[in-house]
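Encoded as structure tokens, here's the structure I'll be asking about.
Every chain is named by a letter (A, B and C) in the order it is written, and numbering of its residues begins at 1.
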């Protein structure tokens, strides 16, 4: 895991003297006491986002918080509680949104959340993957309402990169 | 797993006095003694189908039969035989078709089956995932002919939601 | 695993008296001492490639070399070294390119590599999936430059079809 981290535009400016201009989606996040994280660089030779027309493919997001997995390292059914797993899925989604913000300038430019595929690292027998992923889905529906509702697959696996407990990839449609 | 189930339009009407009008794809199913199942509500905060233009993304389908996994709970190489796994993959596909019927009104509106991604819950060393998924692929090719032929990925995992032995997600193109 | 193999057009002609005409991407491969492999038929009822408009979905590719897994059978963290895993990911990508060549006539018709999803078969605790998949990503970026950069998900699983150590599916956009 590389050490350097680069700042999302909003995060960097938020510390300056000038009051940052938040878009409406970010304001909803702030009202929930959530903020777009400082982004970590991709952990391999790939792009965080790639586009084909108006379809935006987001690479599998790990629950990194300012560049570190912290308490989101481990497996559901062992080190990671269901509640912590849900928080990890939410964190993956904050990272996805931070990349979108960086790319689009405003999160209001998202037209529709199309699809999520979520992989949950669990002990053998753990089968509550949908509960874990609701941590991501609930946030997106809260932020975008009807346009935030999405198709989804939930899959249980043994191991994810760097020992992350959850990984989620996203397809968005932009305006 | 929630208890309420809601009826697919065709299922509900099929029990009434008026003879239901089946589309040509459903007639093919009936000739195979297969029927579109009663649909279970999504098991989380997501949509069974989401659309981006003419591309329909179906959420990961479990082999639920009228709301229950029944004999499709367990792992290939242990509780689930290869033949039962194939039947589970077929059941996932019936569920996918039932959602499409509900949304499109007629299964004849499918233009093309684009892609399947199938996850098979197996004991360590089980590597016949493609055989299992043929239960889904064979049905789609039988029903739609050349337009039913699709790209596919087959992946083995330890656990799927609620202990299901197979989960399949689908991309369809509609007319 | 079926025995018959069919030849990719370029492979077959390369052995004839007439000097084959390579496209610029193939020339780059030859400069790396890589060649498009002889293609194995799909190992189930599916297509190696399916299209929806200009979007090409490639089925999950295994690291088959002229129809056999050879030394790419096993798990990362046990039989398969990190270096061998990277080579397997590269081999998956050569297979993907061979199918594209067969379909498009020239690899220069690829407009953009959109997305890779890679599944790595590993022992419990193996978490270097991104390193393994760089074997695929590095090649695509070498061949296509900026247009080869892609979104990606890396997932660890226990077992893949026929005991393969890596499976990768691809989305390409063509001109």
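Note that in this section contacts are C-beta pairs under 8 Å (C-beta built on N, C-alpha and C of every residue); 3 or more make two chains touch, one makes a residue touch a chain.
Computed from a prediction, not measured in an experiment: that's the story for all the values here.
Peer 1: Does the chain A and chain C pair touch with the same residues on each side or with different residues, judged by whether over half of the numbers are shared?
Peer 2: At the contact between chain A and chain C, which are copies of one sequence, the residues are largely different (under half shared).
Peer 1: For the sequence-identical pair chain B and chain C, what is the superposition rotation angle on Cα atoms, to the nearest 5 degrees?
Peer 2: My answer is 120 degrees for the C-alpha fit.
Peer 1: Need the CA-centroid distance for the pair chain A / chain C, whole Å please.
Peer 2: 28
Peer 1: Scan chain B for residues touching two or more other chains and write them down.
Peer 2: Answer for chain B, listing residues that touch two or more other chains: 117, 157-158.
Peer 1: Once bound in the complex, which stretches of chain A touch chain B?
Peer 2: 55, 112, 114-117, 122, 124-131, 133-134, 137-138, 141, 149-158, 171, 173
Peer 1: For chain C, which residues count as touching chain B in their complex?
Peer 2: Residue list for chain C touching chain B: 43-50, 52, 57-60, 117, 119, 121, 157-164, 167, 169.
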